[in-house]
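Next up: some structures, all given as structure tokens.
Each of the two complexes below includes chain A, the first together with chain B, the second together with chain C.
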Partner chain A sequence: MRAALQLSEAGLKTAVLSKVFPTRSHTVAAQGGVSASLGNSEEDHWTWHMYDTVKGSDWLGDQDAIEFMCREAPKVVTELEHYGMPFDRNADGTIYQRPFGGHMSNFGEKPVRRACAAADRTGHAMLHALYQRNVRANTHFFVEWMALDLIRDADGNVQGVVAMEMETSEIVVFQAKATLFATGGAGRIYASSTNAFINTGDGLGMAARAGIPLEDMEFWQFHPTGVAGAGVLITEGVRGEGGILRNSAGERFMERYAPNAKDLASRDVVSRAMVTEINEGRGCGPNKDHVLLDITHLDPDVIMSKLPGIREISIKFAGVDPIKAPIPVVPTCHYQMGGIPTNYHGEVVVEGKPVHGFYAAGECACASVHGANRLGTNSLLDLLVFGKSSANSMIDFIKQQPLELPQLATADVERSVARVERLNKQTNGVAVNDARTAMQRTMQAHCGVFRFKDMLAQGVEKILEVEKMVQQTEISDKSSVFNMARIEALELENLIEVAKATMISANARTESRGAHVRDDAPDTPETPNGRDDANWLKHTLWSREGNRLEYKPVNLQPLTVDTIALKTRSY
Partner chain B sequence: MTTETVKFRIYRYDPDKDAKPYMQDISVELDSTDRKLLDALTKLKVKDDTITFRRSCREGVCGSDAMNINGKNGLACLTDFRDLKQPIELRPLPGLPVVRDLIVDMTQFFKQYHSIKPYVINDTPPPERERLQSPEDREELNGLYECILCACCSTSCPSFWWNPDKFVGPAGLLAAYRFIADTRDTAINERLDNLEDPYRLFRCHTIMNCVDVCPKGLNPTKAIGKIKDLMVKRAV
Partner chain C sequence: MTAYDPIELKRIRWRSRRGLLELDLVLERFFAQRFDSLSPAEIDAYKRILDLPDTDFLDVVNGKADLDDPEEAAIIEILRSV
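Presenting the complex of A and B:
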């Protein structure tokens, strides 16, 4: 949406394809804030933000991209305010900022107020503000269209996408000088996820089928506070406002795991602490399968003004009013750090070179700013910064192209048609729900918060079996009108690519780093916390063809400042 | 795990094969962990994959799964099915053309939303930093900006049913007041002009169905009242 705005305001003819009406995309569910070192409440610097992001990434993030993002942050957040974003305000009229996990002042000293917030509805306010600004800019939206495949010519140049209009099932080619994917994540590969139904990794599936490798797919963030049982997200902003995690003894257990940052340690650290508490028998509830998020000590007025949406979610999905009783929470799959490999200009990069005409931004892309673990509020920032930078790259690129579009390559179009044909004709096949459930259970059991060598190896076998099921899915709905059964089957073909990439990449990476933690990675002086920089300070690249794995170095060289040197991570 | 059978009556219409719409009686086994109507619909779709509805976030912020539930508009993902009388009768939102089953064509609804110019208008050059706004001025936007465009309100409004092309409807008018109330917006007069018409604003007869059904607890009638007040003040 941010990219579309930049393109439309530059006067380019811009088509946005979306499976849902634009304000229904999953950015709408982001709650806590968008980070920028505005320093409205206390001293802050982009260099501190950069340090926190590199540390949060467990040094897997590319430092050029991270510098770019943190430097641009105040500018893009200010622009968003100018677009009409209803940020909360401080007494002096500036944007309200709250503390958030892993965001610290003075290179890791103590939590800092960096998350710019609109109550606990920041994503909703941001998505609507960007949509509204796009209405003003006359962006052309193709609402309820699903892109099926990327079109590449014989030289690998990207020419556009094949897409299906959901209302009519008509298949149409969108040929374009430049194509950007902002297709979001694929959290639905897991059984328990904060993600929406629509988060099915469509861009990743399309890229993988078109021969583009996927980067760092073993790194998935499990958000510490999903509502137990329901999976619905409870923002880290709750802990930013003073919320405390407690075990069955009522103990504030994070003091033992992160004596400095406590409940505001990085998400991977908090999630692992919670699972450890549960595994060691200190979980809450009749099944001892969750912990409690306590805000009963906060002023009810603060809860009503700063966390009204959380109160609503808690009452509706946990049956608990958090003013009176703590919320049952459990780590839940939330965010994919990996994705389509790009540079900080938003160009998709394969074998060191940009793919002609192809761009990606947001959760589907891997720039890589989040590395092995993303900090909260850096995802909304990612959208703004790289949405804008990729659109600027597209504008420059389009200016250099001849006016006429090239001859359309048809192989990918034929593939899309064949996929839909196969589905329409399949008999004696597998129900979509059965194949999807098998995939989600496999991912949950074999590739969760803690990972085990043997389980991963078995997981690879199992997920390849599930892939065979996905190739034989059958639907009974053959209607041409808004056929959601067919859409779900096509989405599953994208999800399975992501699931394979995740399991195979995780099985191969024999160290612990950020969100990827294995039982067989030893904690030694050379490999603290199981992190093995000598062998694994590198990005994974998984290719669909033959499930091939390759690696590329991490960029430790920022643009203008000194490298943030490798260090053992503690909070 | 304990299960229970829940009975439904669902509006069905697939223009590809049905000459006219009909009501289908169908039941589904649900677990004790199932809570919301959307959980039930998801299981119904596993049983019969031709049952068609929109859904996405499943937590009441995206606005996809609005439908008419036992005669009242609401979001399937926020409604506890155990609170509903069986058979649970599900119909598409009233007053809009049906595309298929529970899916309506929302073109007219969004056209009205777009007609109020739903974006901040301020032609003064923006400052280097954020435009300042006091917490009190910002508070004026509470109860307005949270709208999720689900259309529960507008499609429960008789005035919108009768004149969907001329009456902006509660959702659009709530949005209109959201921008009027924003101290950063400089186009109040233009916005009031845009609504000064026998239909666009004044077809609201304060029936208040909109307030009754809003899944976010918003009050479009109150916002409409404030616009009418501003019209009066401007006239005197």
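Presenting the complex of A and C:
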């Protein structure tokens, strides 16, 4: 919507296609805020923000894109303020800024207040401000439309998308001089995810099918404790108040992994311990796929007063009253660092060259500013900065194009129609739910927050088996109007591309870096944190064709400042 | 009970896909367990609730806020119970 606004205000005819009403996108779930070195509360500088982002990325982020984002941050946040975003304010009227994990002053010295928020509804407020502004600028919204496939001509130039109107199932071509994907992440590839059901990586699936590689898909951010089977987060404060993690034998297993800190060990240590317990057969439940968070020993009054909402979440989403029984929990997928490869102009880049007419921004794109791990509040910043920069690139590109649209290339359109036809005609096929569950379980067990060599290798085989299931999905409802079964089957065809990219990329990267942590790449004096810069300081590029992997160097050269030299990442 | 427009029912089902996971989970159960037994007037009330922004909708489902309209409040009670 940030890009659409820029385009519409430049006088271009702009169509936004969305599966759901635009203000109900998953951005609504972003609570923490958006970062910018405004320095309203204390001294701050974009170079410090840049340092924090590079360090957070475990040096996998491209430093030109990171410099661009951090320098642009104050501008785009101020613009958003002018669009009517109701930021929290200081007494003097400036935007109030709060501290946030990983935000430091003076190159990692001490915490700094850099996060700008609108109460705990920053994402919601941002969507509303941008939507209202777009309506004023005459952006044309096509709501409840699902894009199916990208259209590329023989030279690879992008001509638009094939899309389906949900109300009628009619398939329509949207031919455009420039096409931007802002389709979000694909967290639903995992069994346990904080992502809403709409986050099915549609843009990634379309890009992969159109021969565009996906970058750094092995990097996913996880939270240690989501309710097993649901994904709703249980705050880490529960362990702070005395919550204990137990395995199927009832053992307080954190005593073995972190004898001093025990259940209060850092997020990664706790996540790894949980996964190791599950992997070694000490998980709980019929599928032995989670552990238990026990607060039954706490005084019920403490639970009610110190942990408000936890009892309700547990009863509602885990079906257990935590006063009486422990809560089933599992490390839960939250954010996708990888995506469609772009530069900081928002142009999609393949083999070092922009794909004419194709742009991407936000979680579906990989500029790469998040590298191997995202710094909190940089996701909202990412979509503002790169939404705007990609729109500016689109405006420049469109100006150079002839007035008339080129002849439509029909091959991709036919392939897209054939894909829907296949689904409509499939008999003796696989139920969409079964295929999706198989994919989600495979990803969770074989490619979760902590990864094992053998499990990854098996995971590659399994996910390719699941792909065969996805190719044979069958729907019983063949009707045309708001056919949710068809939509879910098409979404699954996008998810499986992301799942393959993730598994195959993770299997190949034999180091640990940021959010990709392998048991066989441990912390040693030669490779601190298991990171292997000599061999793996590079971006993964997975292509759908033959599941081919290629690599490209990380850009360590910022635009105007000196490089932030490689260092061991520790907090 | 007068039959509700089947096309409208399918539209309502899709519009129950939301931006927040918690709402998706609650509404999925609501459809599995309770939606089919609602009267047309109750479905109308539910449709009005769907127009709420996700954050407000979740606050109401979580009991942090209430709706004034008695028909809508009755639906919210069901959503709180599933």
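Note that the second predicted complex is superposed on the first by the 463 of 571 C-alpha atoms of A that agree within 3 Å, B and C clash if a C-alpha of one lies under 4 Å from a C-alpha of the other, contacts with A are read in each partner's own complex, and residues count from 1 in each chain.
As a working rule, a contact is a pair of C-beta atoms (placed from the backbone, for glycine too) under 8 Å apart; a residue touches a chain by one contact, two chains touch by 3 or more.
Predicted model, so just to flag it, every value in this text is computed and none were measured.
With both structures placed on the common chain, the touch criterion links A:Val135 to chain B but leaves chain C unconnected. Note on chain A: of its two partners chain C and chain B, the one contacting more of its residues is B.
Once the two complexes are laid over each other on the shared chain, residue contacts for A:Ile475 go to chain B alone; chain C is not touched.
Of the two partner chains placed by the overlay, neither chain B nor chain C lies in contact with A:Phe450.
In the superposed pair of complexes, A:Phe197 makes contact with chain B and with chain C alike.
By the document's definition of touching, neither partner reaches A:Tyr551: not chain B, not chain C. When the two structures are aligned on the shared chain, A:Phe317 is found in touch with chain B and with chain C. In the superposition on chain A, A:Glu81 makes contact with chain B only, while chain C stays out of contact range. Overlap of the chain B and chain C interfaces on chain A: residues 20-21, 23-26, 28-29, 121, 124, 128, 167, 196-198, 230, 232, 309, 312, 316-317, 479, 481-484.
On chain B, the positions that touch chain A within their shared complex are 14-17, 33, 35, 45-46, 48-50, 52-64, 78, 99-100, 103, 106, 110, 114, 117-120, 126, 128-135, 137-138, 141, 145-146, 148-149, 179, 182, 184-185. Across the interface of their complex, chain C is touched by residues 19-21, 23-29, 121, 124, 128, 144, 166-167, 193-198, 230-232, 309, 312, 316-317, 479, 481-484, 487 of chain A. Listed in rising order, the residues of chain A touching chain B in the complex are 20-21, 23-26, 28-29, 38, 78, 81-84, 86-95, 118, 121, 124-125, 128, 132-133, 135-136, 167, 196-198, 229-230, 232-233, 309, 312-313, 316-317, 431-433, 475-477, 479-485.
Interface of chain C with chain A (complex): residues 7, 10-11, 13-15, 17-26, 28, 53-55, 62-63.
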